[in-house]
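Note that chain A is present in both complexes that follow, paired respectively with chain B and with chain C.
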Partner chain A sequence: MNAPLSSLRRPLPDGFLAALQTRCGAAVTTTQATLDHHGKDESWHGTAAPDVVVYPQSTQDVSDIVRLCASHCVPVIAFGAGTSLEGHVLAIQGGVCMDMTRMNRVCAIHVEDLDVTVEAGVTRKQLNRELHTSGLFFPIDPGADATLAGMAATRASGTNAVRYGTMRENVLGLTAVLADASIVTTGGRARKSSAGYDLTRLLVGSEGTLGIITELTVKLYPQPEAIAAAVCAFPSVDAAVRTVIQTIQIGVPIARCELLDALTIAAVNRHSKLSLREAPMLFCEFHGTKAGVAEQSKMVQDIAREHGGMDFEWATLQEERSRLWQARHDAYPACLQLRPGSRAVATDVCVPISRLAECIAATNEDIARASMPIALFGHVGDGNFHLVILVDPENSADLEEGQAVNTRVVMRALEMNGTCTGEHGIGFGKMDFLEMELGSALPAMRAIKRALDPQNILNPGKVVLPDEPCRMA
Partner chain B sequence: MSFVSFVVNAFYLNQKPVQHTVDQFAQVIRKARARKQPLRIRGGGTKDFYGGELTGDVLDTKTYSGIVEYEPTELVITARAGTPIAEIEAAMRERGQMLGFEPPHFGDSSTLGGCIAAGLSGPRRPHAGSARDLVLGVRMLDGKGSDLRFGGQVMKNVAGYDVSRLMVGSMGTLGMLLEVSMKALPIPASETTLCRENSPGEAIELMNDFAGKPLPITATCYVENRLYIRLSGAEPAVRAALGKLGGEEVRDGRAFWKQVRDHQLDFFRADQVLWRISLKSTSPPLPLPGTQLLEWNGALRWLDSDAEASVIRDAATRLGGHATLFRARNKSAGVFHPLGPALLKLHRRLKGTFDPDGILNRGRMYSEF
Partner chain C sequence: MSTVIEASAIDFERQREVAAALRAFMPESSVMFEREDVQPYECDGLSAYRQIPMVVALAESEAQVQRILKVCHEKRVPVVARGAGTGLSGGALPLGNGVLLSLAKLMRILEIDTEARTARVQPGVRNLAISEAAAPYGLYYAPDPSSQIACTIGGNVAENSGGVHCLKYGLTVHNILKLRAVTIEGELLEIGSDGLDAAGYDVLAVMTGSEGMLAVITEVTVKLLPKPECAQVVMAAFDDVEKAGSAVANIIAAGIIPAGLEMMDQAATVAVEHFVHAGYPTDVAGILLCESDGTQEEVAEEVRRVEALMEHSGATLIRVSQTDSERLKFWAGRKAAFPAVGRISPDYYCMDGTIPRKRLAEVLRRIAELERKYGLRCANVFHAGDGNLHPLILYDANEPGELERTEAFGGEILELSIKVGGTITGEHGVGIEKVNHMCVQFRTAELELFHAVKRAFDEYGLLNPGKAVPTLHRCAEFGRKHVHVGQERFPDLPRF
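What follows is the complex of A and B.
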């Protein structure tokens, strides 16, 4: 499916490295271990190390580095926590990896305006720690402790999306460096996007291929007056899914609603030292006033019972709740431990809610037929679920089978008017699927890439391929 | 079909006009492109007053109308761009659902395409999401007449660039919308409106204070020294909040919010110079001549003022916001807040990508393209 990673590399032009070192000094490194660390993410895709890693400290640094890259036609890849799942940060054409983690200041918390401006490298947990005493929180929570700019660049979501939306709805504005090194500020703290086209939304989810996000302003939410979390075991995955669908359809404003199949529960129990019943489970959370939470949870408990669900087991103390959700967030690494030494092919389809039960049931047949362990879990409240297909990266038959399952699930979702990716993004692992999904709209996306990055230097080889190779400006 | 008959069809306002196919629209665009002849995309024409100059032959979208797919359990509705927004809302109301962004109508013939292209949202916007937040996918014809689909009908989709959201608010300058899929939200079980007298400063403080609390507020409006607050949700939650907020209950709250949404309050007049100023919600009252109406917890300020455009824009810029000349006879100051050079270049490139010959709604957004 993918060309050998090494075949696409462009060599660094003469004089480039020296010029970069002159501009950035000690912030430039070519140590092999550092290069290797920046050449991979959490996916099964191999390593494609950059030629050099640089740590900018300001938007101006980023702009200067991009200008240098543009004048030498060198690829430049923004790197946050390195937790993407489709090879987004792999330096498949070599070049400069720009590690944004030293830009990690929370610039300004505006408690009354319910927003915060942060630098690219601030992580979601760091942000919530800093918000701790403000009575506010930032809800978007992909499993990993990703950086905010990385989350924006991949349009990330998480367990709270069903109630609070994804990065798409929660980024108010951003500062980005474009391929010609210009610095643009889009949107802003005014709660309506700025004048003109919605460039914020265009950059959010562009995976570093249209611009490099250096600063962003995101929405914050008041801590709910009451929070209640519960787990509920079901006789089958189908029963749990039907409970969720009905909950969403009657408009219960549930804050989190996560499905974990029995295998995932087993993995989570082992990894996070829990003792949950090894059956398909829903993890639910309710936010609101005391009365609202009581009403919502009663409604969902009633629906669950209709579908054979057991009584809710409540996690009332905050520590219990944190433990529960940390366990859910760690489901991915927990599943990897089911087969030591394995890597995961992760699927990420999202289908219309009414087709979800059917889609998951058919997928469970694929799981039953597969020769390797496959865990299923996800944010079923918005029609999105994952398979973690555990493959031996050294075994080509295994990889092939894993990919075949992935393809089958994607094709099924597309037939149901769904998408190949609800939250992980395209990176370079899903480019073939994107082509299938978009069809005649793909050239329009290519044209956008070409218009904004005519030299193809920003994270080249991801999302869409340009129709012509890099040329000097 | 001749170009003229195509355009003339638009005049049958009260009966559903003869419908055209996507291919017919595409042909019109291709022909116009070949002749470098500008086209002006138009639905019900209720927002002709909004935006820059109107140039070119009318490309009437009312001849592409109807709900394509609406399965309430799906929480998604897909309709053609020329469908009257009132028709969509009526179909959804019957099933207990609504468009969360509470689109302004400005007239009976407002269409879905016009609402999305203008990207305007009504009073519920800060609480339920904007037009852009609720659009899930679009089908459109670009300036080359290519039939393109972006996004889809699922709640989350990160497959490639978010072009469907780029179309929202682009004033038809990037393409003609054909179909739009939107998230449907349940109509709240109960709703009530409170009113209290406050000074502008107090009102801004109160709105922001309330917004930071877990209260079921779904709209705020401050006009003529009175602060109106709408509460929506389950009956007990609304009742509980009533007690906390204080103020008188307004008898016909629904009518009031419709008047706010559609600019039918006395504050709004056809002959006024009306500015739409977006600011962060906590910005203090704007020290500008004229009268103001506030919405969205203070983040949206309507200003009826004859002050110089530069004075108003400077005041908005100083507070980190921007000002749109929403309604005026003389628009020589430009309708939308001017773009800096880097942003203007980016806009031109995007415009060039979708509409290389610049035939669609030329000058409707910025005179430069």
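What follows is the complex of A and C.
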């Protein structure tokens, strides 16, 4: 496997495990199966197991564990649902994995203020279940049923981002434990604040390298009065993309707009037992008042027709809609089944919408030339799309080719002033790309990392700093 | 680290030395230090605080900004960046031992990309000038602080400015894609991406609202939005501000995100009506303005729903703008609120707290009590939709003791904001004005984190020292002083 073997991996210092057990008791485990489970994510990156897994139940627990780690120079990695795709949670230097899933309380729903405060381990589906009777919902929906703190830490997004934004726009404030074990509260429940630096957004997207998020307050939205979802088949990916671009450019406030290429549709049909036409498709959803939804959907249908799109097929019942979106969310595992035994190299580029058609057209040529199946789908309304490159993890030629395709797509996006990651984040899988993309901003990011975590104990070897040893304070 | 600003007498030898170093690569006329030349820069929109800068440098290019900062870094001279000087928290208050770096000459619109819907502009471009330049393409820049005819985009970024439309369209941080900025060492940073997402830490957000303390912004790429097909304003009058507050809550709870939702109390309404004749009733406790924008059908339907909700909440009068000129007239009143209040009182002190929306009525009641306690009038203007209060305390600086009472009144409003779960500044920034109140809003751990971020960019604390983030020492001092509310807050600053 391709687990990055860190030369910095070393045994836990004497007395550390005992001290941890004294503080946390039965919440500490060193069972090999548990360690392995916490040393991998859902990507092609291999396994790098931590030395110990601990399940904190409170912010104070997290702070005490971090203090112990800091005094012993032990790396500490926060772990939510383990569904990331760029090796974010791999314990490449060993150390402590802090599994946040037992901190799973929804603390306070503020219906009038349209926000909710949750503990780190609450998952997006759990939250929406608890909101069910309130008439409110939380829109951000990465494919997996991720934890809210994990979503914040990776600045996750989803099918709704075109309308509701990403975690960047939706986290109002958070509580986090810093590398020196101090507990900070950033932002608040106010809708806007210009007091001090924007620590909330600094921690959102920092992938556990600047602090460990233990609690967060996120925005909620009223359930729209009317929702309509439709699928529309196109003669080509290009026609579908151009429809999206035009929709965005004329300012239709579409709530969801997802492109799935013919191969993805085939995978989704098989995985979710649907019978969609195996052609490039847009999955669209409209939110608003009845009149607004009717008007928006007519506008998009007209644009689609101009580009050779077929008539919308409507999913009007809620069950039909849920099935459709579940199928879209399951596109990643569905694609994995196209080639049994495969793992995926997943790309996540995002380009300015004005360059999207050109970028996807060139990418389709890469797909045609590749020897393995490659599915293309994504949140095209944001200029963000994914390739799922199916590689045989045991076959080095295959892996190499898959990574070469990934590199080509990323380089193209960067040439178009885009980014190597629209939503999955950097982890360690994209650190080289980040360096190419950022240029002059990288030293600033490294300076921030060094200032906030001078010992380099928080998720070391990820995002901006190479694999550096812990420095005793 | 940054220290408390001292109104030090200018060291003339140092002044000559710094000016000469800058004139080595800048035209003589762009480096000023004679008192009559630098006097116009002695304060920003918060004119209660004044200080003559040691040297004023008018940068004409990004390269010049780099060289100016490099010189200042080498000579350890503090630098305060300034745009239009319209800020309301003293963020651009100069230093007697520092360089005031004006970016007002960097006022070119470099590019408008209609397909990507972005504009690339220099920092000295006025906020409104961007929308004017984009108008021929049917586009506009959404954040619209009331000072938009004068304030610059660089200043907007430094303060993370909002405006009446930010409820629906977001603050500056939501409406910019990329920045070019120069560090105190003179290094150029390119931050953000042309796409909607950028990789790595969100330095763009950290820079936005950093009040010139991390780097000097030299170029901004902003998002442009298509101009909505149409817009209408509902104006509703209430005989009780609490009813107006509940109307706000009811509108938001109904799932409507209006393009703007503003409230003015009677004092503000009367002042405005006499000034601009916007057509507001003057015999009511307060009015709400609620704008809908979008397509014809959407607007028509939303306006119908808003009208019903206003009526249900107890509005005594409801009017809907029938033409665009009428709509603009309704807004003209709101946008003129500050100057209107300026006409009826020799001085006014503008506050900027933010509170959770549902505490609005309660906070209003408490402000009314404070008016009685301090014997001062307070006109209230709110970005009601996002709970951002702008109480305007009316006072006369020539009356002995009034300024001090005003500041104590303002201090109590800020602490009230924090107590109900809000913040001390919604959009005007901390600057010099609210630096002590940061000690109330944040604890030591957060303040240390702010300082760590600051150190990562500006080791010697040369960029806008003494603003926005108090030292722990200063907070300890404030904690002691704070017991005696009403005593002077910045005895070390000259006042006029």
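FYI, the second predicted complex is superposed on the first by the 460 of 473 C-alpha atoms of A that agree within 3 Å, B and C clash if a C-alpha of one lies under 4 Å from a C-alpha of the other, contacts with A are read in each partner's own complex, and residues count from 1 in each chain.
One rule holds in what follows: a residue touches a chain if its C-beta (ideal position, glycine included) is under 8 Å from a C-beta of that chain, and two chains touch if they have at least 3 such contacts.
Bear in mind the structure is a predicted one, so any value in this text is a computation, not a measurement.
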In the superposition on chain A, see if there is space for chain B and chain C together, and answer fit or clash. clash
Touch check for A:280: first (chain B), second (chain C), both, or neither? neither
Would you sort A:309 into first (chain B), second (chain C), both or neither based on which partner it touches? neither
On the A-aligned overlay, A:445 touches which partner chain: chain B = first, chain C = second, or both, or neither? both
Examine A:50 and indicate which partner it touches, taking first as chain B and second as chain C; both and neither are also allowed. neither
For A:463, decide between first (touching chain B), second (touching chain C), both and neither. both
Applying the document's definition of touch, where does A:198 land relative to chain B and chain C: first, second, both, or neither? both
Considering only touches as defined above, state whether A:288 meets chain B (first), chain C (second), both or neither. both
Identify the partner contact of A:383: answer first if only chain B is touched, second if only chain C is, both if each is, neither if none is. both
Mind working out whether A:158 is in touch with chain B, chain C, both or neither, as first, second, both or neither? neither
Residues of chain A that lie at the interface with chain B and also at the interface with chain C: 110-114, 155, 157, 165-166, 168-169, 178, 182-184, 186, 188-199, 201-202, 204-206, 210, 222, 224-225, 249-251, 288-289, 291-292, 295, 350-354, 382-384, 417-423, 425-426, 430, 433-434, 437-445, 447-448, 450-452, 463-464
Going by the contact rule set out above, which residues of chain A touch chain C in the complex? 110-114, 155, 157, 165-166, 168-169, 178, 182-186, 188-199, 201-202, 204-206, 210, 221-225, 249-251, 253, 288-289, 291-292, 295, 350-355, 382-384, 413, 416-423, 425-426, 430, 433-434, 437-445, 447-452, 463-464
For the complex, which residues does chain C have touching chain A? 113, 115-118, 159-160, 162, 166-167, 170-171, 173-174, 183, 187-191, 193-203, 205-206, 208-210, 214, 225-226, 228, 249, 252-255, 294-295, 297-298, 301-302, 305, 354-358, 386-388, 421-430, 434, 438, 441-443, 445-446, 448-450, 452-457, 468-469
Chain A-touching residues of chain B, taken from the complex the two chains share: 71, 73-76, 119, 126, 129-130, 132-133, 142, 146-150, 152-163, 165-166, 168-170, 174, 185-186, 208-209, 211-214, 233-234, 236-237, 240, 278-282, 296, 299-300, 320-322, 324, 336-340, 342-343, 345-347, 349-350, 352-354, 365-366
Chain B partner contacts - residues on chain A that touch it in the complex: 110-115, 135-136, 154-155, 157, 161-162, 165-166, 168-169, 178, 182-184, 186, 188-199, 201-202, 204-206, 210, 222, 224-225, 245, 248-251, 287-289, 291-292, 295, 350-354, 379, 382-384, 417-426, 430, 433-434, 437-445, 447-448, 450-452, 463-464
